[in-house]
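Quick heads-up: structures coming right below.
In the two complexes that follow, chain A is the common piece, with chain B as its partner first and chain C second.
== the complex of A and B ==
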């Protein structure tokens, strides 16, 4: 789908302060840290504090986005929060965000879930509402405190963090040239009602899930906009680990230089609904006006949303207004496994 | 003895997420019939090797399923199970059905669909081929059993870690020229030595992968074969033997006596000796498996398999090329299909159809093992 005049007005991120290293997790479970780090290209992940959850993270990111955009929060007509760790099963996270940033009550709001791509689904919804003049600004958020079962391979990557994007038609820092989605029913990863941790299909999460969807969505976007990999200055892909985005970039014909800026998983882990959107934020923190960025998310189950984003002149005016992705990455404190297990409520007290 | 193979067929080997169990068999069978120029209505019976469709895809009674899906009702179809040697055993049953005069033309296949369940379940299912009471119950899996055989082989004969790695390096190199193989990637000794530990001393790249795939051959009596081809490949020797199911009950750990006994019978029936064999497909489920196989089949003295591998004797162009297909390690190991896929490779080699990996050979051998060596089956093939 080709679009004109709709884009990003502001964005904000939040990454919790705590980190745990791959070695610390591997030590507990008898894993070979070196081979895990080499194989998955990951070193440490961000861990939410005891009093943080997907809602508080979403609020922090949204506050940064509103501050960057310098808009009146009352002009936000829609808020969508994508997460697979919404604190409530029934009761929206989006209303908490709306109240916290002062956007209520004249707006629509809802929570989204589509594994790791619910955040980009929120952006697409906002794009439609903005393009049709139903709202002035829309706020789309991807925020998670991802669950990885103790001892499971996911535990090395499942992390916490969130990203918020304000979509509108004026004061653009980047315009969205078009979006393309690719969706099938593919059960590669799931969590049923009442289950504390997700289950996954092991190697089935690779070729038939991540690679098929990310590849086809990216190709579909390029074909619909008549663009080639060389037309992009940057490409950002969903990053469940450091290996997958690099491999799919190679399959699509992107160079390492085009993708390195947007790969953060080695330093903060997989923030799930925040994953690819966090990579985009890191690129926007550096990009110059006129540069073009491809963003392709992936959500298990499965689907991918791909976007072509053109950086506008306005980007210069908002630099330095709020903490950058790098600021949050640098702000860190390491945890041992026991403290991590307490903070992530992996220790259950049954009384 | 003389039974002709007049056609061969394979599916691609690998993680075939979008292909069903029955489709795999039908595809390989159709390829084999096309290769033979045989019409389905001329097939008199089906023998199929399969280890555990019941646990891998929740489907038993697969003999019926296969005849049905292949459109070959009402001919008889029989499933044969002998763990990873199921395919080799099915081949032998097909041979016997022809030698007995019961049939003149049969299809022998092997099929396994292993990737529909998680790796842990696959490992547990494979472990059902070990002694449940004395091995599996105590937590033993096949990587563990073969690791103990490797350790003992290293201790008794001085086989080195690098020599084990060289088996995998060679088989990966061969698989590059096999379009049906699961992997088309060259690896180095360092890649093997730096891959994750599975069961010390065996690492990930010492172990055959989890694979979906099927293989089929069309067998015919000497007389019937002449109706289809002037140059069939003949199976001239067949041997099958058992040993103790559990590894700890054997007199020797790093010597597989079922292989020795099966080979003895096959050589005797064919009137051949180890030195007559010019190409062989052996059971390298783990790298140590190939080293023991080339010793136990008589190609090299006991204890000298590692050294022979290091000296390139088993390479294409060496004294006896082994696993030109890529072996179980690199071609892939859909357990029930493996024994039949080995026969397919030897037929291609003897016919001169093994493009890119072709060796000069008139006589070949296949060696298929069940479990840690509780069962072995050996066949010898000659150009017609």
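== the complex of A and C ==
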């Protein structure tokens, strides 16, 4: 669907300071680090500190977004936090964010869950509310402290981080030209109530899940807006590892040059709800006015939301106001597996 | 559980570092005060949002912590002087015990402060981290 006048007013990211290398995890489980690194195209991942969770990460990203946008937080009329690691099963993360950024109490808020695409679902909701003049600004966040079971392949990639986007109609740094979604009932990845770690369908996660949905959403978007891959300067895809986004880009007809800027998974891991949105932030950190970006998320279960984003003049005014994706990537400290296991509460402390 | 109402009452200032200012003498207070000790009955108190930046005046490294903080040892507690003047005590994160120093510039971050066990409430609030440059 073609949209006019709605877009991004500001964005903010947060990546925790700790990293663990693939070698360090492989050492513990007897994996071959080189072949894992080559296979998954990932070298290290971000790890949240003991006192960080999806809510604290969401707050840090949201505070950066509000500072970048230079808006009064009281003008935010809706907050949606997408995560598969909300700290409470019952009690919203969005209310914590609303209070911590000073947006309370006149707003609507809710938590979203749709594996790794809950953040882009929040953006679409905000777009609708803004376009229909129900709210002035909406805040959509993807934030996770993702966990893989110790020894599971997911442990090499499941990481922590968050991204926040403020959607509005004025002071745009980028407009959203349109969005298109593709959703089916696909059991590629799941976690039931009370289970600490998710289960996945192994090889089933590729073709019928990631590739089918990302491909169809991206094609649907381009068809609906009458655009071709060559009309985009950048394309950003969900990145559960470094291999999938590169492969789907090729299937769709995008070049390596169009996608490299938005691939971060090799340095920070899969930040789940933050994954494709973090890639978009890295591209916005560099993009020039007039450039066009495709963003396609993926959430297991399964679905993809695709967006066409056109960078506006306003982008110049916000550069350097808050830490960039690169600033957070550079700020790092490596952990050994034992410390990592303690921070991520893989070892239960009896008290 | 008895903690919950008390925590909730103070939630705004713990989340956002909201202090008070006496409009009569311009003194800033954190934690907030209902009455200015200098002006007493002439106090004119108003809420102010503090910027959340300051420097470390002194610190101590906690190796043996109270029960609910054991997971985090060793950790750093510091007295911080805010840019606006008031002093407060807070934990310093994203900083190793070997990296902390008096005079270090720090900024507010949002973290978990405490948890009432696995089933209880999570208490959030401010801590501080070194300002990266």
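Please note the rule applied: the second predicted complex is superposed on the first by the 348 of 351 C-alpha atoms of A that agree within 3 Å, B and C clash if a C-alpha of one lies under 4 Å from a C-alpha of the other, contacts with A are read in each partner's own complex, and residues count from 1 in each chain.
Everything that follows uses one rule, which is that contacts are C-beta pairs under 8 Å (C-beta built on N, C-alpha and C of every residue); 3 or more make two chains touch, one makes a residue touch a chain.
All figures in this text were calculated on a predicted structure; none of them were measured in a lab.
By the touch criterion stated above, A:207 is placed in contact with chain B alone, chain C being left untouched. When the two complexes are overlaid on their common chain A, residue A:102 makes contact with chain C while staying clear of chain B. When the two structures are aligned on the shared chain, A:195 is found in touch with neither chain B nor chain C.
In the superposition on chain A, contact is made by A:32 with chain B only, not with chain C. By the touch criterion stated above, A:87 is placed in contact with chain C alone, chain B being left untouched. Once the two complexes are overlaid on the shared chain, A:230 sits clear of chain B and of chain C alike. Once chain A of one complex is fitted onto chain A of the other, the partner contacts of A:55 are limited to chain C, with no touch recorded for chain B.
Contact comparison for chain A: of chain B and chain C, C touches the greater number of residues.
Residues of chain A touching chain B in their complex: 32, 35, 39, 201-204, 207-208. Those residues of chain B whose C-beta lies close enough to touch chain A in the complex are 15, 17-18, 115, 118-119, 194-197. Interface of chain A with chain C (complex): residues 17, 49-53, 55-56, 59-60, 63, 87-88, 96, 99-100, 102, 323, 327, 331, 333, 342, 345, 349, 351. For chain C in complex with chain A, the touching residues are 11-12, 15-16, 49, 67-68, 70-72, 93-94, 96, 109-113, 117, 122, 124, 127, 132.
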